[in-house]
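Below you'll find the structure, written out as structure tokens, and then a few comments.
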């Protein structure tokens, strides 16, 4: 009886090690893939939203494999909250930059004044800029919603979600 | 596009939807919902909506299932209907 | 036979109606709050299915990404070769709205569970009634 | 309650089915949805924005304001969850 | 600057809300002044917009520089500009008011509260300004999500009320989206002006009919129109007082605006009167809403719940004015949107102040309160008289136009129902007023265990209340001018 419990604990620990090692190995690749999806949205399916979700998924995987504390070492709650705002501020900021340069809101064509590109390519770059903004916000918000739901609002207890 | 394949997918989608709302175990309901989202995502890929399918795959089948399971973990798993 | 053809020519629309009504029924008739949220999800995805169905084109239309795009910007692009991109754009937005509503609903669900320790609507209402009776 | 819900569902189904009768067939390339606004996107999006993925071009340029709204919706959901669930010591 | 005002009026509150969240991490006390300053700027922008519209006519602002059917455009005419001014002004007043009550209700979440409040205002302004049917849906969801959360942080019952609101609101928004989809499949366009040009050829189509039905039903859920009103009393009763003041005075009105847009801009007025008998149906339901709201309001003992039922009746007035389909009725409906926003804000703010001081919303606790809270009680008096429709107050004028409109359309029953429901509100409010001025003091207070001595509310609450009460009075005197300078241009052609 006692031995059986001990053995099952050992198996659990062992499985835990496998899970942790595998996650440690694949999380960087997931994040790289997320960045690729954001940056390559012009040429293939994807974009800020999908890439942001994949980045968030890598953090969620970290929470599942380790615990919330381990994930918070990488991204604290404060940084998360700031990132939530940063994304939308990047988006509106690019839009307002266009207004300052004398065009309508979000009219990236005008960015050719400050970018070394013609109007078409500055539109393309403008799209990239807003996609990055979207990616930031989506990643931060998805992680924050998941943390709040998985721990019912008590991150500090380090409860495993 | 092959309409037979499309039709079979749609029928499975409807079965998944009915199962998701009628099963008594909420965790199964969450997983069935994930399967439902994933099948819809296949359907949309087949219709040529690759971006939407990608989003649905990351959101519907991925993130929202994670939210759901996180919520069920904190609440009860059984239900009466 | 003609009626049959007519129905088959729109089978996608009939299917979305069925899905939507499954979701709608779950939203208003189910007592369990989680089931209501599941219904909400099905309801919204059914609308997305409808929009995507409007976008599709028969006759070999491909995904809305310009092929061999590099360098051929001056070519005239045949519209019939690509499916309609606009509903896809709208539905990307709608999926985001869907997941946001879902997150908010789950947050409220957790609040309710913390308060009443149950997820059945009728039990919550009976708890509220006994509270009122006091 | 269940009966009322069924009646509501049947009424809505009837309305949906009635409206569907007049819709153009599925995948009809000459339906208004495929001929009024969207051809311009397909023909011009690549030339004007240098982005082969038309969906991205329309999402983040032609209808970029919708996408801003979408991002704000996500942001709102994040703030909502922080406010409703996060416990502050 | 002035040509960008149309976009900035949405972007300023949005930007401020993003900054608010970050600033709130460190300095929570900055959020309140930031919010008030932002909404002040919004009010100034809305006044500049209304001036531009009056002097130069409709403003069209093309986002991203693409022409309307392909890009998204803001189209601001007299009706939008008018509504923008109402919503941003009430937002400013309520944000000033919210300081004390939020410090009491939500001491730790003030930053989040103000972030969401700004998002709610921005969402409502976005609904009002946009000329694109799908963009309207996006902003509808921003405002709804913010609204769900703000309602959920109220008292004990609030989360359940808010959950029901989420379910109903999602059904409403999805029906609206489905209607937009039907319009898209029938015409291939999403722009309202473009749709208005394309639709008249398609009026016989069943798809267009379905689109109209689903859009109207969706909006009717959002404005709590009679058979679909179940969520409203719970949600508005249990919300924090500042939130229920803002939400009750603006959200249903914005929904009514969307209804007006759908019925008279996207579709032609003839569609809803001749091709589909929607107007008549809406009118009869509006009659039912007026009577039902007032009858249910009589039985309530909770002040906020009573006011919530009155909102259902007021929505009935507005829809009735829209549905009679003539110039007088429409003028009355638009004027009533303005008056009702002010009246409801005034009453909810005053009730909130009473709740803040006495800790209860029960109407019995109002007994003989005028000695202790004279300004608040004066505001309740003015607001109540205005809801009943006593001449110098604003409510009288809009009801006058509504009655004239109903009589002009030959709908005597509508006019009679309006008068009956006015009588019922008179019963309610005279009961309350008698209680305030001559009623017995509540028992708890007499026994001396009413904790603190009840005194007048703090200045940051009193000032908004008195502004609103003064507004209700002065709108009555100014109604002629408002009609001649703004409202008469909003009446759709063909009336």
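Lettered A, B, C, D and E in written order, each chain numbered from 1.
Please note the rule applied: a contact is a pair of C-beta atoms (placed from the backbone, for glycine too) under 8 Å apart; a residue touches a chain by one contact, two chains touch by 3 or more.
Remember, it's a predicted structure, so these values are computed and weren't measured experimentally.
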Next on the checklist: Treat touching chains as neighbours: how many steps, at the fewest, connect chain C to chain E?
Outcome noted: 1
Next on the checklist: If each step moves to a chain the current one touches, what is the fewest number of steps from chain A to chain C?
Outcome noted: 1
Checklist outcome for this item: Counting C-beta pairs in contact for A-E and for A-D, the higher total belongs to A-D
Item to check | Length of the line joining the C-alpha centres of chain B and chain E, rounded to whole Å | outcome: 38
Checklist entry - How many angstrom between the C-alpha centroids of chain D and chain C? => result 10
Checklist entry - In whole angstrom, how far does the Cα centroid of chain A sit from the Cα centroid of chain B? => result 23
Checklist entry - Just how far, in Å, is the C-alpha centre of chain E from the one of chain D? => result 26
Next on the checklist: Using the touch definition from the top, which residues of chain C touch two or more other chains?
Outcome noted: 11-12, 24-25, 28, 53-56, 58, 61, 63-65, 69, 86-88, 90, 92-93, 96-97, 99-101, 103-104, 106-111
Checklist entry - So which stretches of chain B touch two or more other chains? => result 50-51, 55, 59, 63, 67, 71, 74
Checklist outcome for this item: Two or more other chains are touched by the chain A residues 43-45, 47, 49, 81, 84-85, 88, 92, 95, 105-106, 108, 145, 148-149, 152-153
Checklist entry - Which residues of chain A touch chain E in their complex? => result 78, 81-82, 84-85, 88-89, 92, 95-96, 99, 103-109
Item to check | chain D partner contacts - residues on chain E that touch it in the complex | outcome: 14, 18, 21, 63-64, 66, 69-72, 108-109, 112-113, 115-116, 119, 122, 126, 134-135, 138-139, 141-142, 145-146, 148-149, 152-153, 182, 184-190, 198, 205-207, 209-211, 213-214
Checklist outcome for this item: As the complex stands, chain A meets chain D at residues 41-45, 47-49, 81, 84-85, 87-88, 91-92, 95, 105-106, 108, 120-121, 123-124, 126-127, 130-131, 133-134, 137-138, 140-141, 144-145, 148-149, 152-156
Next on the checklist: Touching residues of chain C toward chain E in the complex: what are they?
Outcome noted: 24, 27-28, 33, 36, 40, 43-44, 47, 50-51, 54, 86-87, 90, 93-94, 97, 100-101, 104-105, 108-109, 111-112, 115, 124, 128
Checklist entry - chain A touches which residues of chain D in the complex? => result 47-53, 55-57, 59-61, 64-65, 67-68, 70-72, 74-75, 77-79, 81-82, 85-87, 89
